[in-house]
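There are two complexes below, and they share chain A, which is joined by chain B in the first and by chain C in the second.
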Partner chain A sequence: MRHGKYPLIITFLVPPLILYGVFVLSPYLQAFQISTTDWLGFSADANSVGLDNFVRLFKDDYIWNALKNNAIMLAVVPVVTIALGLFFATMLNMGGRGGRAGVAGVRGTATYRLVYFFPQVLSVVIIAIIWREIYHPNAGLLNSALKAFGINGPAWLGDPRTAFWCVLAVMVWANVGFYVVLFGAAMQAIPKDIYEAALLDGASRSVTLRRITIPLLWDTVQVAWIYLAIAALDGFILVQQMTDGGPNFSSDVIGLRMYNTAFGTDTRFGYASAIGVVMFFLTLSVAVLALRASRRDRIEFS
Partner chain B sequence: MTLLETEASPAKAGPGADRPPRREWGVANVFSHGFLFLWALLTTLPLLWVTLSSFKDNDEILTDPWGLPGALRFDNWRRAWTEAHIGQYFFNSAVVVAGSLTLTMLFGATAAYVFARYEFRFRQVFYYLFVGGMMFPVFLALVPLFFVVRDAGLLATWRGLILVYAAYSLPFTVFFLTAFFRTLPQTVAEAALIDGCGHFRLFFRVMLPMARPGLISVAIFNFLSQWNQFILPQVLMQGDDSRWVLAQGLSALALSQGYHADYSGLFAGLTIAMLPVLGVYILFQRQIQSGLTAGQLK
Partner chain C sequence: MATPAAGLLSSCAMGGGDDNDDASANQGEKTAENPFGVKADAPLEVVIFNGGYGEEYAKAHEAMYSEKYPNAKITHSSTQEISKTLQPRFVDGSPPDVVNNSGAGQIDPGGLVSQGALADLGPLLDAPSLDVPGKTVRDTLLPGVVDVGSYDGKFHVLNISYTAYGIWYSTKLFTDRGWEYPKTWDEHIALCRTIKAAGIAPWTYAGKHPRYMSWPVISTAVKLGGLDVAKNIDNLEPNAWKSEAMKTAADAWHQIVKDQFILPGTPGLDHVQSQTEWCRGKAALISCGSWIENEQKDVTPAGFDMAIAPTPSLGAGDKLPFEAIRGTAGEPFIVPAKAKNVPGGLEYFRTVLSMRGAKDFTQKVSALSVVAGAAEGATLPPGLTSVVKALDASGANGFNWVYNNYYRKLERELVDAACGEFFSGRIGPTEFLEQCQKGADMIAQDSSLKKYKRA
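Presenting the complex of A and B:
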């Protein structure tokens, strides 16, 4: 494979590399440089202000408010999504009584798997608008259902006490299906002999789940954890489209803070980039922490 | 979660002897079936509701959210398609995604092939440079990206959007396809080279056809994520609304609905945007699910 491989390597690698370098790598790198300036965009003069932006960021109450919401998302969304995903995947793949070693899905597994995945293929914007209408205080599905029971529902997205949690619920709603399928695929990869052996040894279903399925699924759970953690730190399109951070900043998140600082009412690009840089390191450390915290010995079956 | 192994009681085994000895419906099973069904309802009901509401008039929508539409008012759809420009946005999205998907697949496949099959200096460095882009949310790069695109004179153009979509799809595409090209048997390539096949011909005539399943999976994945993309056009296509893509158009429609109070038009627009994607998904369910999840399992 040696003769004349370089022409191919160069023609195949250089164009993608240029595209990637110009539109992905260089923006990420520039963000660091811009974050140390007071640049307001549209004019060439940007003064270097050193770490002023970061100092200001530390004292910015809006930032802390947004970060607090991100922290709640980070604590709630992965746990709830993974728990629901594992539960449904277990039911769908081994909830039934038939099959070898009692490992078979319940009736209608195929339909459930089809339906659960629906939110995953829709644009976040569509999901956000649909739920905004469902949460609508008068004409929404939710409140008119409550009214049938004689309950006057809250304003949901219009109420600072509930708005954030409504968005959070939609985030879980949109993600669960994906992880049901992901965990399902991983469960299918576990050899059936293991379950047969466990069944012969008289292991009950819950023991089988706790001692066999979940440990063997751990790698996948770990991946899910990292992805959901990153999603929880982002999640800003959903928030922007559902509440725009309101009412009264009660559902604000850090991504939205950055977006509005740069492209909203003002164009403080330097400050926005500083927020971006902080997010960069936060995302990185959360990913590393998630990896560390969930690290266990890898189990491989041949 | 009480998933206890409850054997069928022997008393009941008598009359139903032709049925499997284990009964499917225990108490635990009814309980968990209930949950499964509840979640299925929770995912389908909103979508069904939007579709039904797209046939209602404003009055029905506002006074009776749970009711059925009095008539099939396709006029709502027409209004959304023409007056709210959903048709135009649909077309724009199709043009942009057709361009960006082609570019993504071409660049992704060639780069991945080189990473998977050839030894050269700094290969690992380049590979991790590419794949590292998967780790970080797009919005971290938004501000500088806006200026990169502006300085290239590509702001509010489809060309610019196509290039940017392709660039941001490359990390996952390269990652996925590199793994895929590695699984293809080495011997076929060697035989072709010995027979005097050139490196370029080898790629286009032998390796690319062999990689088809992988290419299809990743193409579907990229199609969905590019079709649903919102934040990149939101930043890069500001202004000129005749070039907006579908997600942008819907977001604007939802905003303006606040002023015009055209609820039925909004629901019709949502339905028009939603149904094709769901249709494609139902047709290619297996490929889409495995395509979307396979990458994360590596």
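Presenting the complex of A and C:
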């Protein structure tokens, strides 16, 4: 049987590897090559310009402005999303203190779980369009509600002071549901008797969360952290659909810079590829850093 | 694995052949009847942007082409994503023969020209019109059509619909209230006060695409200072944005911001949302092009009777009369330089620009053709009727600018952002022009961008 193993492995492995090579690896490699050219994408003509694109990128204020926004997203989105996700998951799984024995969620857990997951079912574009209408300064849900209290709301997406934060809020909103489910599933795996013991000792909900749940959930939180960090470096679809980077570039992100450079107001594939290459390394470093920073000894429950 | 990957590297994205030997095979004999030398059986591939105008009008043009060349097989296709569909074919060196390069996903025309990817349409202009006796195609066109499609004096892009840019209002609202569209700036401000007192916002604009408001500002400046104001902007002349005329115009427009004549919340509206507020009677005036009637078709109340008007004159010192309006050709068509059937493409354009083709277009899509007189006898909706009238009144005083075609980023990103700051009141007129000028300087200093001169 032994000599028959390799043909079988090769038959199954080669087609996916070729597909991966052609559709994933080769475009990546090409992006590196293209980033050193002045290719405009209209013809096969391209001249090699060495690292000129990267030098230009370094001096491009609009890139730095977009990167600044991504940095804010990176600092805010994962923390807020994970905090909210943990909070909701805890409430849904062990928040109930109705005097009954045992560990249970708050009343209506099943409904909440369903509702939190709704945004996950919608496509990002739909989410962006829905929120664009919610933020509508005159007829939107938000300002209409504020008007009921006699407050004249701001123009939200039309005001550089609020536009970026409005998009960021939607980003958190769209992500939280998934992490509630993820954390919830992980919590189900934690033995109930640990919680019961804590209850008997009179631990409050927040102590239980801090001292028991989070340490036992650390692996999952770490994964969430990396996913969210990568998502925070992107943010392209929401920004493009909701504000297109405006007003006055206040909600611009690096992904939108790249898109607009290649397909939007500018058609410079070489330069856009250079932005893509920089994004690639940024995302990679952030993922590695997130892994490193959150590394802890794994706690096993037996 | 290494070998195929390496092969892909050299052949994929930027590869592509420049072997296009069969182009000459589609060259027939040039005669008076056939000025471009179309080969009667050469196939023709046409790709249409399926947007506001649909594709039916193009099918009619293709049928007319087939009448003359029944043996030519016409391949028709349509898409809403011209760039995504066709850019790979440009790179590959096998583009279609006729491309309706339009819509939000158009391929940047300035970039195409700079790469030599477009055929010279000059011969088309000098060819005799198909059905207007004694005239060349050039003679049948409305003013500005050649100008807007020309790069460094070469005609590369044929725009087939004529668009007027101005201020729009509902004649019903104005008649009901006894208001009259203002001819001078002072009248305009007085009217704004009246409108505001009546509980309606005098103005709104596309807050998320504030460049819509750059049009009335530049128009006001051109009418004050003459055509050179726009030409200097187009040619990226130093400090063109800070000319006296531009300063006076920006100062004037600043008043609608200062006096809060703009519908609150406008900066948060996109073009359709703001136009809808206008249709709902929340605002009285809005800046737009003649496509607005089509765009708002579904939400315009019956009897709204929208009409276009030129920007108000600043005063007696204006170089152009009040009637002067910005008119330009839109809906661009191109023939790629590497098309297999370039003569066929030119002949197709001659069909589009025949009186028959133009009249059919006007009737089918309710838009004006670039062929003069094609709207005669057509039944047009109220907005378009007002456009025809406004263009008639404007006549030879019509003006236009083209920097938005040469340097798309300048209008769509940089001037756009400056307009947003200016019309939401965060910056004053001086900073506004500074910011526009800064954008123009950035484009001017960018050695990687090809610069064009407007003739």
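Just a few scattered comments:
Assume the second predicted complex is superposed on the first by the 283 of 302 C-alpha atoms of A that agree within 3 Å, B and C clash if a C-alpha of one lies under 4 Å from a C-alpha of the other, contacts with A are read in each partner's own complex, and residues count from 1 in each chain.
By definition in this document, a contact is a pair of C-beta atoms (placed from the backbone, for glycine too) under 8 Å apart; a residue touches a chain by one contact, two chains touch by 3 or more.
The structure displayed is predicted, hence computed values, not measured ones.
Note on chain A: of its two partners chain C and chain B, the one contacting more of its residues is B. Of the two partner chains, neither chain B nor chain C is touched by A:E196. With both structures placed on the common chain, the touch criterion links A:F178 to chain B but leaves chain C unconnected.
Using the contact criterion defined above for the overlaid structures, shared-chain residue A:L13 touches chain B, although it does not reach chain C.
With both structures placed on the common chain, the touch criterion links A:T243 to chain C but leaves chain B unconnected. When the shared chain is aligned, no partner comes close enough to touch A:D60: not chain B, not chain C. Once chain A of one complex is fitted onto chain A of the other, the partner contacts of A:D266 are limited to chain C, with no touch recorded for chain B.
In the superposition on chain A, contact is made by A:Y28 with chain B only, not with chain C.
Looking at chain A, you'll find residues 17, 22, 25-27, 30, 34, 41, 132, 138, 263 touch chain B in one structure and chain C in the other.
The touching residues of chain A, counted against chain C in their complex, run 17-18, 21-22, 25-27, 29-30, 33-34, 37-46, 132, 135-138, 143, 152, 155-160, 243-244, 246-249, 260, 263-268, 271.
If you check the complex, the residues on chain A that touch chain B are 1, 4-9, 11-13, 15-17, 19-20, 22-28, 30-31, 34, 41, 84, 87-88, 90-92, 95-98, 102, 106-108, 111-126, 129-134, 138-141, 144-145, 148, 173, 176-178, 181-182, 185-186, 204-206, 209, 220, 223-224, 227, 230, 233-234, 236-237, 241, 255, 258-259, 262-263, 269, 272-273, 276-277, 279-280, 283-284, 287.
Of all the residues in chain B, the ones that touch chain A in their complex are 1-5, 20, 22-24, 29, 32-33, 35-36, 39-40, 42-47, 49-50, 53, 61-66, 107-108, 110-111, 113-114, 117-118, 120, 126, 129-130, 133, 135-137, 139-149, 152, 163-164, 166-168, 170-171, 174, 189-190, 193, 198-200, 203, 224, 227-231, 235, 238, 246-247, 250-251, 254, 263, 266-267, 270, 273-274, 277-278, 280-282, 285, 288-290, 292-294, 296-297. Looking at the complex, you find that chain C touches chain A at residues 1, 4-5, 8-9, 12-18, 83-84, 87, 90-93, 105, 107-108, 111-112, 114-117, 207-208, 210, 263-270, 273, 277, 282, 408-409, 412-413, 416-418, 420-421, 424, 426, 448.
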